[in-house]
Amino acid sequence: MEQHSDTFLENASKALGNKAQADIRDLLGLFTPLLRNAAVDNFEHFEALRHHVKRVRQHSLDNLDHYLATYEQQALKNGNRVHFANSGDDLNSIVLDICQQHNAQRIAKGKSMITEETGLNDFLQRANLDVMETDLGEYIIQQAGETPSHIVGPALHKSADEVRQLFLQKHDLGERELDNTEDIVGEARQILREHFLKAQVGIIGANALVAEDGYSMLVTNEGNGDLCANLPPVLIICTSVERILPRAEDATAMLRLLVRSATGQSQTCYTSFYSGPRREQDVDGPLETHIVLLDNRRTEILASDYREMLQCIRCGACLNHCPIYNSVGGHAYGSVYMGPMGSVLTPLLSSLEESNALPNACTSCGRCAEVCPAEIPLPDLLRDLRHQETVEKITAPRWRIGLKLHTWLARNPRLYHWLTGVGIHLLHLAGRKRGSFRKLPLAGGWTSQRDFPTPQGKTFMQQYRAQRKQS
Amino acid sequence: MDTNPLDNASPGHGPVVALFVTCLADLLRPSVAFNSIKLLEQTGCRVVVPLQQTCCGQPAYNSGDYESIIPLAKQLIAALEPADYVVIPSGSCAGMICHHYPQLLDGDWRDRALQVAAKTFEITSFLSDILPIKRGHRAAIKLPSVTYHDSCAGLRELGIKEQPRQLLQELCDTELSELPQTEVCCGFGGTFCAKMPEISAKMVHDKVHSAQTTGATILAGGDLGCLLNIAGRARREGVDLEVRHITELLCGDLDGPAIGEGE
Amino acid sequence: MTDSSRAGIFSRVRQASAGADSAEIAAQLRSLGRAPAAALPCADLYTSFLINVLKNHGTADLASNRSEAVTATSKYIYQHYNTHRLVAGNDPRLAAMPWREAGVLPRFGALEPGEPVSLSYARLAVAELGAVVTFTGKANPAANNLLAENHIVMVDCMDLVVDMEAAWERIRQITDQEQRPRGVNFIAGPSSTADIEGKQIYGAHGPRQWHVILLGDVPATALQEARSIAAP
């Protein structure tokens, strides 16, 4: 079920036709905002927190040269090996090299958007490694051969029954029926526990990197990331340069925003800070730890007008509040990042030409910007991308030229008023009885889904001018 | 004929209000503009309709053509700036002038845009917050039950939420029932609804049906874009919903057909 | 590959950065002030912590001294598992407990698969989160946090701090004397997941139950009040 961002409209059309999936999306679209709003209302100074964290993030990005150097120095001091990857392919090769150096076969993976971005799983599997996702949602979609439909809840598009059917098909269950969600979770727990205990390499992401002491912050509810970080003899942290924050308290301040915005929680079960490999006096922990810092055009974004996008904390609130995301679901975007944040990021990380539909998948309703904990003006950035599409002539000519013509006409009021006066009057005469048109030339997009209401009569300007002449 | 933009002001001593009619009201629903004039005159304003106005340029702007609307923005600013206030029967057009014109322009023109922005108001916000309209001795206008659709630009760019509801309470005698998920977009989105009609259809379908669950006879709103979308979809689905602009309700102008209805 | 990538990334980052020196950067950062924390659910710090523990689907108990702590542990594990056995890290504070008084049979070390109950002695607790903080190491192997069915955590009431900023201050005080720990773990509840239909299920990978024993001079009313406030 490979989907690409250049087929957004086809993907969306398919998604809209799937009634069962649409019902799940409707429910999520209703509940996820309620959870978030309750958590935010419960936090007395949420706006102040949001503003504080935004300023810290801006400060970190403004001085990223300093913080990146400090972070690297501290991470090395903690005993890590630090790798830099220009591209997704670079990251994948670095990780494979490490695995091969250790003759590792079994890999336990925590949830990481960076490795989704680089397609690491496929890459490692092609090299015959046994890579198992350990976050329950990621595990489910891995079993199903799908991609995440949401950056926080990757398998939320699946009903419990679908997951049950999947496990019945993929697992050796004997007599067990997995009658309820507890049983399904218990089944995954057992399978994954065995994998954790035998894994030779753990791979995780990082929610933040702390420059001051080289720690990386890992946030989960399941504790699977911590198992990956503590049990296997080799740990690889795949992350990106813009995750760096100055101090540990900056990371936990951001966490306050993240948990409330993502799931409406006031804390996550496991919030961990890992420095590096085990020390002499330690009894456990990985013997070797690697940190792979991905760029993949982030430094270009840093230098561009889209810099604010790097403040994104990957909470998914913009997805949960986007009426378009809730209508078509994450898969339609054909990209690892979806919804408003994805429609900005995907063109920036790949190419605008390929993903030109995404910046248009927006009604500028502004709900995403309203809830974005990082205060990213997502609708403005999306419109700026549409501007770039216009400038680079990616926009379809009929739209580009049609709108230019309309604007030109609008700049000539007398001609505009005369022409519209004639046209509107004719439309009124043709449609006044029925009150609306089922079909109208040049308005196929509109009338394919809704009637076009008939103009009330002559234009206001015609009537107004006539009145003035009389008086 | 169009030399002095104020020469067509209505008589009196009140502040001069320039009405920006908006292209949708001009072309499709002139009653919105006539009712706006009526309401403004009830508060003692002298209303002018600058004849140099056409469209604020949102279609091209939202599609990303910033360059070609700059002259249009300047033309509109010049037409509106002599008045004491600018009032617009649309949240999205008011948002365009208040927020986006200043971002789009530089130097002297930015200053002029900011000055116009400072005195520009969406009509329900003007009639509530700036020159509050009072019923006085007039009888309350009797209306069937109403549900109010908050347009996204009005709600989020301008913070318009209570104003239209307060006005309905002040001037009318009606029962107001709220839409579930009233903060969710109706799927209009300017050119969005024509560029991505299927997705837009799902959104407006949901809006029409949540309007039905309120049991209200009339769906009112402050933005014709949303209202044309909702009314057009209701007509297409055969749903009986009377869709009207808030200014029509506030003037009791319910005799003519509602949006999308035949004569 | 990584060397050329490193040079390229650093050079591009440098070009896009403000070019301020360390002192300026530190001053700017200080000027941003402190982030607001979540308000506590009530005026009392102990009660607030206990409320948040209960809200996190934990259970809680009080113990004014070591004997009471041992008795509370014994009662808890017997009730839940009909056992006297548990696994605890090599924490001198745990080794010094009068286990025999209450008939508890601790095994000191890292939890092995199949052992259901682990016990940790937290370094800190954070009222804002209802969380305990453990450091990885001999005193608390990671498996004890992550692989048990039931995780019991003791914490001294003197080590309870109000919010995460206060927690980091205390952690820095500790790490100034000891080495930076490999891992700092904030734990706020049993392992959970909502990945299937958003339904909250406990025991996703790690503990299904999480029990906190607050040690020291804490009035018994604190727990009673916490229970009445946290109850749905």
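Some observations on this one:
A, B and C label the chains in the order they appear, each numbered from 1.
Here, contacts are C-beta pairs under 8 Å (C-beta built on N, C-alpha and C of every residue); 3 or more make two chains touch, one makes a residue touch a chain.
This structure is a prediction, so every number in the text was calculated from the model and none was measured.
If you sketch which chains touch which, the chains link end to end in a single open path, with no loop closing it.
Among the remaining chains, the Cα-based centre furthest from that of chain B is the centre of C.
Chain B and chain C have centres, each the mean of its CA atoms, that are 55 Å apart.
For this pair, chain A with chain B, the centres built from the Cα atoms lie 34 Å apart.
Of all the residues in chain B, the ones that touch chain A in their complex are 8, 21, 23, 25-31, 33-34, 49, 51-55, 57, 59-66, 68-69, 71-72, 75, 152-153, 156-157, 181, 183-185, 187-204, 206, 228-229, 231-233, 235-236, 256-257, 259-263.
Chain contact summary for the complex, chain A toward chain C: residues 28, 31, 42-45, 48-49, 52-53, 55-56, 59, 62-66, 68-69, 78, 83-86, 90, 93-94, 134-137, 140, 153-156, 158-160, 163, 181-182, 184-186, 189, 192-193, 196-197, 213, 215, 221-224, 226-227, 229-231, 241, 246-250, 252-253, 255-256, 263, 266-279, 281-285, 293, 295, 299-300, 302-303, 307. Every residue of chain C that touches chain A in the complex is listed here, in rising order: 1-6, 8-10, 12-20, 22, 25, 28-29, 32-39, 52, 55-56, 90, 110, 113, 128-131, 136-138, 141-143, 145-147, 164-165, 167-168, 171, 179-199, 201, 203-206.
In the complex of the two chains, the chain A residues touching chain B come out as 9, 12-13, 16, 22, 26, 29-30, 323-324, 327-328, 359-367, 369-370, 383-391, 395, 399-400, 403-404, 406-411, 413, 416-417, 420, 424, 432-436, 438, 443-446, 448-461, 463-465, 468.
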